[in-house]
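The same chain A turns up in both complexes below, where it pairs with chain B and then with chain C.
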Partner chain A sequence: MNELFIAAVERLSRVAGVRGALLVEGETGVTVISDLREGVNETAVAALAASLFRRTAAASETADFGRLNTLQLEADDGHVVAVDAGELILVVVAEHDAQLGLVRYEAHRAAESLS
Partner chain B sequence: MQRWSEEVARDPRSLAFLPLARAYRKQGLRDASLHLCLRGLEAHPAHVEGHGLLAMLYLDDGDHERAADEWSMVLRVDTNNFEALRGMGFCYLEQDRLSKARQMLERAALLRPSDPTVQEALRVLGTRQEIVEKGLSSSADPAFGDDPWAVPTGEPVFMFDAGTEAENAGQQASSPAPEAMPPAAAPVSRPPPAVPITGPLPLDPTLLFDDLLNAGPLLAALLVDVNGMVLAGRLTEGVRGDPAVLGAVLGGAIGEATRTAHHLVLGVWRGILLDSEHAMLHLAPAGSDAVMVLAARRDAPAGWVLRASTHAVGQARQFMEEYA
Partner chain C sequence: MRGAELPQLVDALRGPIQVFVRESRVRIALLVSGAGQVLAQHGFARGYHVMNVASLAAATHASSHALAGLAGAGRWEHLYHGGRERQLFLAPLRTPVGELILVVIFDADSSLGIVRLFYENLEKEVSALPAFQDRNAKTDHGSFERDLEAGLEYTSPEAASED
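And then the complex of A and B:
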């Protein structure tokens, strides 16, 4: 199973414009596998991304909008795409000019293979 | 794996090449998987699943052209192969051949209606077609009022590369050629401009965003402060739930979005797009201590939601300035 996680994260990291990816436990925000560049506080990123995902997922369910599939955070210098992968959350960090359609597609494929 | 491996070693024409190559791919042994797959297809050139796996291996490498070649071979043999229809749809989308992409993706959606990747690709496609149609019909923003889905904005703040769809339109758009693959939801890369609002603000803050709520496919428009208190806006009648609860849950998103962007050295956050089963939500900062929350029907184009959000943020800012 570990190899499966590593392969999925590595595949994502090869997509043009992707800076890195990590797999996080949805409930705890603990990193399972990470492939982020050096200098990034991956513990904090994992915890925050998981918390943001949980919070928005809860909001979606509260309003009866159903299960949250994808979260996309847009910022000045890049994007964060987080995808529901069952008990895990797949988090992808992409450059500002990354092809987001491709990033999202690959993230969904990877999440599908993991869940 | 050992059994398959022994079988292939004993008989290079064995069909065990397929499960073994799949297992290699799952383990991230891409080269071994590719080698095995190519060798297997030499012995079995019409093996549908072998071509399908080869397509996935090429896709893993980002080689969409070769992947498309393999999927087209699959479709020649098995016209209802879901993976191939989905893959071809995606490749056509990447090549900006939108009507062909729709053909493939809609067939894939018929086979597996709930597949999220197909739904995602169809949404990208819808947004692109909308932009192309807009670009061909008029360069100006539609007037608010005549078009029930039009959003009044000063200037567009999201940038799609308006692609060409010669096969549909029979003419060329004036914009330059698109990139290989468009963003699913165009990034909001700079702060929303101030949107001039004509007329006085409504006295009842719950009615502040009613021009939007009454005009399009919106389900909710709420202005929420950092403490989770709803400052303005409302949910539409069809939406279950209490706006105060929704606000309380989402109010904390401001701090988390700010800190996530900070830790990843991504600069200032500009928005969060959420895809749920039945709705699309957009959160955008409205000043430093409030967030604008829009929810739209699942079939609403992402571009429309982003424009509506920009407009709503403009209204929210004016509201906060006047009632601060």
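And then the complex of A and C:
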């Protein structure tokens, strides 16, 4: 299982424009495994992305939209994509000019292989 | 940390603890010295709870420190208990004058990751406070009870009078 995690995170980290990926325990917001470029605060990304994902999932269910699959955050200088992977959340941090379609595709593929 | 220094330390810690509680969305936060002296608290309704938790935190800190040493595990980072309703986080908070102890109780509004994140911020903020730059942090074990009561009286005067 650990090898599966590592392979999924490494594959995502190789996508052009991706600054790193991490698997986070959804309930606690603690990193399970990560592959992040220097300068990205792992503790902060893991905790805040998990918190955001949980709150958005609650909002989605409250609005009768069902289970949250993907959360995509766009900011001036980059993107954060978080994908449901069962008890885990797969979080990808990408540059502003990253190929988001490919990032999302690879993130979903990785999440499916994990859940 | 003696009685004369206490008002200054408690005043200095009030802001950082308020920010920590607000940002991390925890229910209860308690900051105590290594001797169990209460330096800051948020969320306790009763004074004896503060005092009990402070003494237990000091004892747990001492035990964890000793256990980590015996196990060759170096410095201990934190203790975490994930209950069904509430979760407990206990960690040493390192400052230039010595270690304080942070006790946090939180529910589903927060998470271990969030608490750890803002605990790191709190540690940096407290370490930068002028009140924590130039002090003799040595703990006199004989003064444990006196320090404990002095802290409680200053941080929760109405609660201290219950005892």
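We take it that the second predicted complex is superposed on the first by the 115 of 115 C-alpha atoms of A that agree within 3 Å, B and C clash if a C-alpha of one lies under 4 Å from a C-alpha of the other, contacts with A are read in each partner's own complex, and residues count from 1 in each chain.
In this text, contacts are C-beta pairs under 8 Å (C-beta built on N, C-alpha and C of every residue); 3 or more make two chains touch, one makes a residue touch a chain.
In this text, all values refer to a predicted model and were calculated from it rather than measured experimentally.
Once chain A is used to superpose the two complexes, chain B occupies space next to chain C without a clash. When the two structures are aligned on the shared chain, A:Leu68 is found in touch with chain B, with no touch to chain C.
Within the superposed three-chain model, A:Arg11 lies in touch with chain B and out of touch with chain C [touch as defined at top]. Looking at the shared chain after the overlay, A:Ala44 reaches both chain B and chain C. Touch criterion met: A:Val30 reaches chain C, while chain B stays clear of it. More chain A residues lie in contact with B than with the other chain of the pair chain B and chain C. By the document's definition of touching, of the two partners only chain B reaches A:Gly101; chain C does not. In the superposed model, chain B and chain C sit 140 degrees apart as seen from the Cα centre of chain A, a figure rounded to the nearest 10.
When the two structures are aligned on the shared chain, A:Val93 is found in touch with chain B, with no touch to chain C.
Measuring only between alpha carbons, the smallest separation of chain B from chain C in this overlay is 9 Å. Note: residues 44, 48, 51 of chain A belong to the chain B contact set and to the chain C contact set alike, using the contact criterion stated above. Within the complex, the chain C residues that touch chain A are 82, 110-114, 116-117, 120. Of all residues in chain B, those touching chain A in their complex are 25-28, 60-62, 90, 93-94, 116-117, 120-121, 124, 179-185, 187-190, 219-220, 235, 239-241, 245-246, 249-250, 252-253, 256-257, 259-261, 263-279, 281, 283, 295.
The touching residues of chain A, when paired with chain B in their complex, are 3-4, 6-7, 10-11, 14-16, 40-41, 44-45, 48-49, 51-52, 55-56, 58-60, 62-80, 93, 96, 99-102, 104-105, 108-109, 112-113.
Interface residues of chain A facing chain C in the complex, by the touch rule stated above, are 24, 27-31, 43-44, 46-48, 50-51, 54.
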